[in-house]
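One chain, chain A, links the two complexes that follow: it is found with chain B in the first and with chain C in the second.
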Partner chain A sequence: MRVTKGARLTAGAALLALALAACGNSASSGGGTASGDLPVRMELGEPQKLFHPGDTTESEGAEVLAAVFAPLVGYDENKQAVDEVAESIESKDNRVWTVSLKPGYTWHDGAKLTAQNYVDAWNYAANQDNAQSANGFFSRIDGWADLNPGEGKTVSTKEMKGLKVVDESTFRVTLSKPFSQFKTMLGYTAFYPLPKVAFGADGRITEEYARKPIGQGYFQFDKPFNKGTDQSIDLTRYDRFPGKKPKFTKLQFKLYTSSETAFNDLAAGNLDIHDSLPPSAIARAKSEFGERYLDQADAGVAYIGFPMQYNKTYANVKVREAISMAIDRETIADKVFSGTRAPADDFINPLLDGYRAGACAVCVYDPLKAGEQYTANNGPKTLELGYNSDGPHKEWIEAVANSLRANLGVEVKVKPFEKFAGILDELDEKTYGGMFRMGWAIDYPSAENYLTPLFSTIAIKTGSNYAGWSNQEFDALLAKGDSARTQEEGLKFYQQADDILIREMPYIPVYFYRTNGAFSQNVKGVKIDLLNQIKWTEVEKAG
Partner chain B sequence: MSDTLAPAERPQNGGVGGHPGASRPPKAASLWSDAWYDLRRRPLFVGSAVLIGVLVAMAVFPSLFTSVNPFDAATCDLAQARQGMSAAHRFGTDNLGCDVYSRVVYGARNSLVIGLSTTVVTALLGGLLGLLAGFRGGALDTLLSRITEIFFAIPSILGALLILAIFRTGNVWTVMLALAVLAWPLTYRIMRAAVITAKGQDYVLAARALGASAPRIMFRHILPNAVASVIVVATINLGTFIAAEAGLSFLGVGLRSPDISWGLMISDARERFLEAPWPLLFPALFLSLTVLAFIMLGDAVRDALDPKLR
Partner chain C sequence: MSRYILRRLIQAIPVLLGATLLIYAIVFALPGDPIAALAGEKRMDPDIVDVLREQYHLNDPFLVQYWHYIVGLLGGDFGTTFAGVGVGDIMAGKFQVTINLAVTALVMEAVIGVGLGLYAALRHGGAGDSLILAATLVLISVPVLVTGFVLQLLLGVRLKQAGIDLFPVAGVSEGWRGYLLPGFVLAGTSIAYLTRLTRNSLVEIMRTDYIRTAVAKGLPRSRVVGRHALRNALIPLITYLGADLGALMGGAVITETIFNLPGIGQQLFSSVYLREQPVVVGIVTVLVLIYILANLVVDLLYAVLDPRIRYE
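Then we have the complex of A and B:
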């Protein structure tokens, strides 16, 4: 459920950015001279909403919640799910899953973490009346349909029949269909639990809680967050946390609306960690930060999509292939992104199991063949290419447009949309008929996450299938993969489904993201994990 | 201003030669020949006229200046992005590997077309309405003057942003319209004031006494004597219109790619200014020179046409 608008910062007006930067500076210089416990300062964009785990599907809020909550599972070096809060997550048939919790976890207010906390949180998030943006993640659980009868209809129950508390530290989840990746999915933000105190008398999460969430993770909130006025979110280590704790006691998220401003603050020593450097800062970051510059693969993928469902212009797969072959991914990654992206050659990102290098043969730049194939198949004389200008897309979209003009001999109209939501809305309403930019950041590390939410038939309604592409063979392979008994077996089916995508090209994969960050001399051991979050347990203060 | 207005030789032939150094034209010369005589002797005017001549040539025949056609996508080579100045790319290349020099040359056309057309529209609209209001007076004058006051109350950049947001697309004509809608009241006011002054002059009263019709008095007697100040303002404004177009394109509501505009080029290059300054500096330089040239020209024309300053 995380289509990405590109810049991980929520874009704001440029003027606002300047004003905020000014505030940020004065605040930090005040704290800089005080002796005692200085916080580790981390760059963050303003979270879209207040802090409900079930309503946080964007990266900034998720980053804060990840410090305050501990997930059921984490991911190891090999991208395999490993138990964290969970003692065990087991299933014989991939349909009925039993989750038991490790003892010793407590909420920040001292209450004990119980299985009921998970059931409460999930039932709340899955209920359409609560309008939680992560609702779709629970759609695989048996009984989800009862909580989502459709708009305008009343929900008759408050619980999914597939969720049952067995004892204080065990609960059982029954899925409506087998799903082999269920355990992997549980590391996602939406699957955090909620304490009893989160709910008000009316059964809804109180605003008081959403402003100062009480979690069971290694950091706790110092004070309620005033969205819109506060320029930082301050956290202190929760010392009763039973798992591995960070080696420092205070963490501060500083809010920025421009990643350029944040980078300048980092260079000036007013910030410690920046994990989403803009392409324009890369050259400077490399030379100024040296070993403290981070460059690592990221699981995101960027595409150019076709509105297949209602525009027949692009119906011929040969035309789509020709467009794909006319794009010089290598040079775009190198020149436009200064090496902060990698050319895409599969629908699955190389970070995850299931990726096959060079799987997509028509993703290789071949201007001659592209031109011939395009002409031979009577490709349209004019193409339209839409993008959202609130992310850093203008340059690469223009570069793609230039490639298409030069290699296919067509006229390309580039259409900027002010906001990403603008494109998505027009695609939903079927009013925009051109090609469009699309991006995907994973929710949980599984090859399946690149397929089902974006391309399955059911995702046209409940997911992010904006192409409106539908293929029965593809759906059948996904179902086989979901019900496979082992991960490896499932992967085979997912790869076969991937092959169909490559054959049909409903989207053109263009590049894989990379994460670029830098950190100050005050800290060491900064690592970014698979979900683009800093591993706080590894970070240490230097000197 | 064109050289058909007055034969250049006349003042010299009939010159009295009373003032060594600063020679004056004969008293019989008209305001226009007088001004022209004055202008030709001003380095400010000659300099700006040469500069404008070059820019107009660029706008009309860009291929004289460069053999590269920037509208042809094949001339951009992404692999050559952000190169410095070289023999092949005199001003270097931009973020997409396109030649900056040819883009700067081709960008002159849009700037001049918008500047000139906006000037003509505002001069015609504001001038005619000002003439009418000043000559007729009464209810028409009151009504038009109140309307212009409403326009004066709108901050110009904000107003232009609003108008362009309504159109949703930016091209030469929408930008021209947005600027003209907001700029005509100024011309109107100046024209109206000049007409009211001229209306009370003896020659107008004489014409009226002789039974001349209202249109005849307006166009034959008042207009030629009131138009000078409008021309001065129009010339100076031309430069500011060009700057305003660049500003709107920079903000993303003016011209859009694939149209070429200096403002757009500056906007595209600003993020990587430290890495590659050329794609920003050259269009900025041309923009400044153009605006400067028109403002200098306006200054020179004003000095020549305004007898009070002489």
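Then we have the complex of A and C:
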């Protein structure tokens, strides 16, 4: 092939055009913010799915929805549920709850918020045909079983009989059994309402809605979110919001795949708030941000779990206690996590009512006693410890293994799994019989949330009771707590249930999480609430 | 010529089909349940899992699943992810970022690599030559992870704190400037290889008889180097660049993550992790197509550079 000058010129021009097109494209896909009204820029990980309350059970999506929706209840300084959108939430017997709404709330498209919106949303989320991940949160409502007849069976109704609209701003919720913590539960993402426009002709939530959810909160979406392409979610204040509004008008969530990168962006002044600093950034954040570095308690707990249901190796509680006492929690919290964790001493997190400092006596590091007790009770000569390698777990699991080797004189095999689901699969199939790491973040701030989903007998099937541990006395105390007349009375029973956990040690609590963040000089008043969300009403632009 | 191109393109069809089947089978064979992976560390209600499995044909045997996929593909439908987003949409967005990054890197490789190589070859044995050789050795031996973080901290953070805003730390929202640093980091090793490749092949060519003849004829040096030597030296370079394009597009996971660029590499990584067959197969198919086209272009360029090569 001979090439003439003309052909070469076109080839060159085509290449140049390609390069220019590439540049042009990148410039136009930018966030595009007006210079006059700079947004407050908040760090966010990639949301797992598009947005609708019933299917958003992960933290990143929930963070966005919390800015766009207003919850029925919020939580005050004393960790108590206080009415927000709700005017009142009342019950005489903890079984039939009447919820009435404050007047004045509207959807971002101008429509009025009604009681029917709540009933629609909850019925939708509770229906197994819609495969919503928050489905289980509605299981306490009377009629939930009708919407969840089981695998392969058809759902004959679209409504739970326990949900009734009384009038435009009131609805009644009947539970199948009394539950004293019901009001506290209502602050969770799953309990947000949905407007009529969310549903398509087929009765399902439309993709259009899930890309640009219309809420009734203080921020609204500027434009539909293109998942996988967009690197920011831009929100503007909704000025018809009747409650307390944020003091700034624009909020931008910037999506990052690496929290280290986000921290560098914060340091360079391209980001305002980062609330999940990696341990590697802590030292730098402390020295560079000073007053603007955040370090506060978080409601999460990390455990080492035992496969109680079928592996008899761990059946002796004295052996489990010895393992617990052999773990040097202080060192793990201070050295492995650079102080971003706190040693655990109860099954209930210190952030919540019901926590008792030092409740778990065998959570205190006592290598001598641990060794003696382990030998005296013929503890197994080899132990196995599993963890998922897709999270920041390797270092602390290795540290636990080292503690056990040194203090119990045993062989410890550390087994990495690709992800947590792999551990669960092998536990289900009984092909893995070792100890495993486990973590828990709360869905709603109640001591009960550390107990029922993790250790109750029914949670073996539907919840997160991966140990398969079952104790009738424990279940009975939970039931008493659920049906108690007041929160305080309920708490007493929950604490008694907690005592059983401490006595039996189906899991070993290892550390409590902490939240570590930092913010730029552009903002002030950054506070993080119980559910790990920024209180946008407190944040102000500085200067 | 056009018949040659046509033949090459027709040959590509079975390759593409084979690639989809192979990748589909590999992702299928990976252990772990995609629906369980979706639930993170909480266990999903078994009834919900069942509905989802049904929805995504996960209960069908392998060949039936593959058949569903291919039928959809022929109708222009790349399928949907488990999060309910169209794979076609995802790929369109990600490929745009990746192409920008790959083109930036490729241009840097070509300009810096060939430029340095040319300089080193012409100053063969001099101080500049030695310096360039040493510098490329360093560039080859330092992993991308290190260059990425160090350059980001020095040029992205520290320089900005000093008041010079040249290189953004992260993201496509900064426009084309956001691609400069990651483009360089991604191109790093290739720049080093290209420099050495250019230098060595030029040094060799400059010693050949026809160059000596050209010099003896009294041609100006620029013409001897530019037209006679460099043109011949370009053949191995183009082979290298063509092969590198694929690596730049599919293998930029680390660079994309450090600089927060939502590209193909990252997507591929997370989709393999989540067992999202449609995404993995879709991306790999397009990557295979790009490889095939890049190879074809390289082959055609041989003919342009060396008149002795003809395709009939």
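Before moving on, here are some points about what is shown:
By definition in this document, the second predicted complex is superposed on the first by the 507 of 543 C-alpha atoms of A that agree within 3 Å, B and C clash if a C-alpha of one lies under 4 Å from a C-alpha of the other, contacts with A are read in each partner's own complex, and residues count from 1 in each chain.
We take it that a residue touches a chain if its C-beta (ideal position, glycine included) is under 8 Å from a C-beta of that chain, and two chains touch if they have at least 3 such contacts.
Small disclaimer: the values here were computed from a predicted structure and weren't measured.
By the touch criterion stated above, A:Val364 is placed in contact with neither chain B nor chain C. Shared-chain residue A:Val336: touches chain B; no touch with chain C. Applying the stated contact rule after C-alpha superposition, one finds that A:Gln128 touches chain C and leaves chain B untouched. Contacts of A:Ala111 after superposition on the shared chain: neither chain B nor chain C is touched.
In the superposed pair of complexes, A:Ala399 makes contact with chain B only, with no contact to chain C.
In the superposition on chain A, contact of A:Gln48 is made with chain C only, not with chain B. Considering which of chain B and chain C touches more of chain A, the answer is C. With both structures placed on the common chain, the touch criterion links A:Asp265 to chain C but leaves chain B unconnected. Chain A residues in contact with chain B (one complex) as well as with chain C (other complex) are 260. Across the complex, chain C is touched by residues 1-3, 8, 18-19, 22-23, 25-27, 29-31, 46, 48-50, 57-58, 128-129, 131-133, 135-136, 148, 150-152, 207, 210, 226-229, 231-232, 254-258, 260-262, 264-265, 267-270, 388, 390, 418-422, 424-425, 438-439, 461-464, 466 of chain A.
Note for the complex: chain A touches chain B at residues 260, 278, 280, 283-284, 328, 331-332, 335-336, 389, 394-395, 398-399, 401-403, 405-406, 414, 416.
Of all residues in chain B, those touching chain A in their complex are 73-74, 76, 78-79, 81-82, 95-98, 252, 256-258, 268, 271-272, 274-275.
Those residues of chain C that touch chain A in the complex are listed here as 1, 31-33, 36-48, 50-52, 55, 83-85, 89-90, 92-94, 96-97, 99-100, 103-104, 107, 149, 152-153, 156-157, 160-161, 168-176, 178-179, 256-260, 262, 266-267, 273, 300, 303-304, 307, 310-311.
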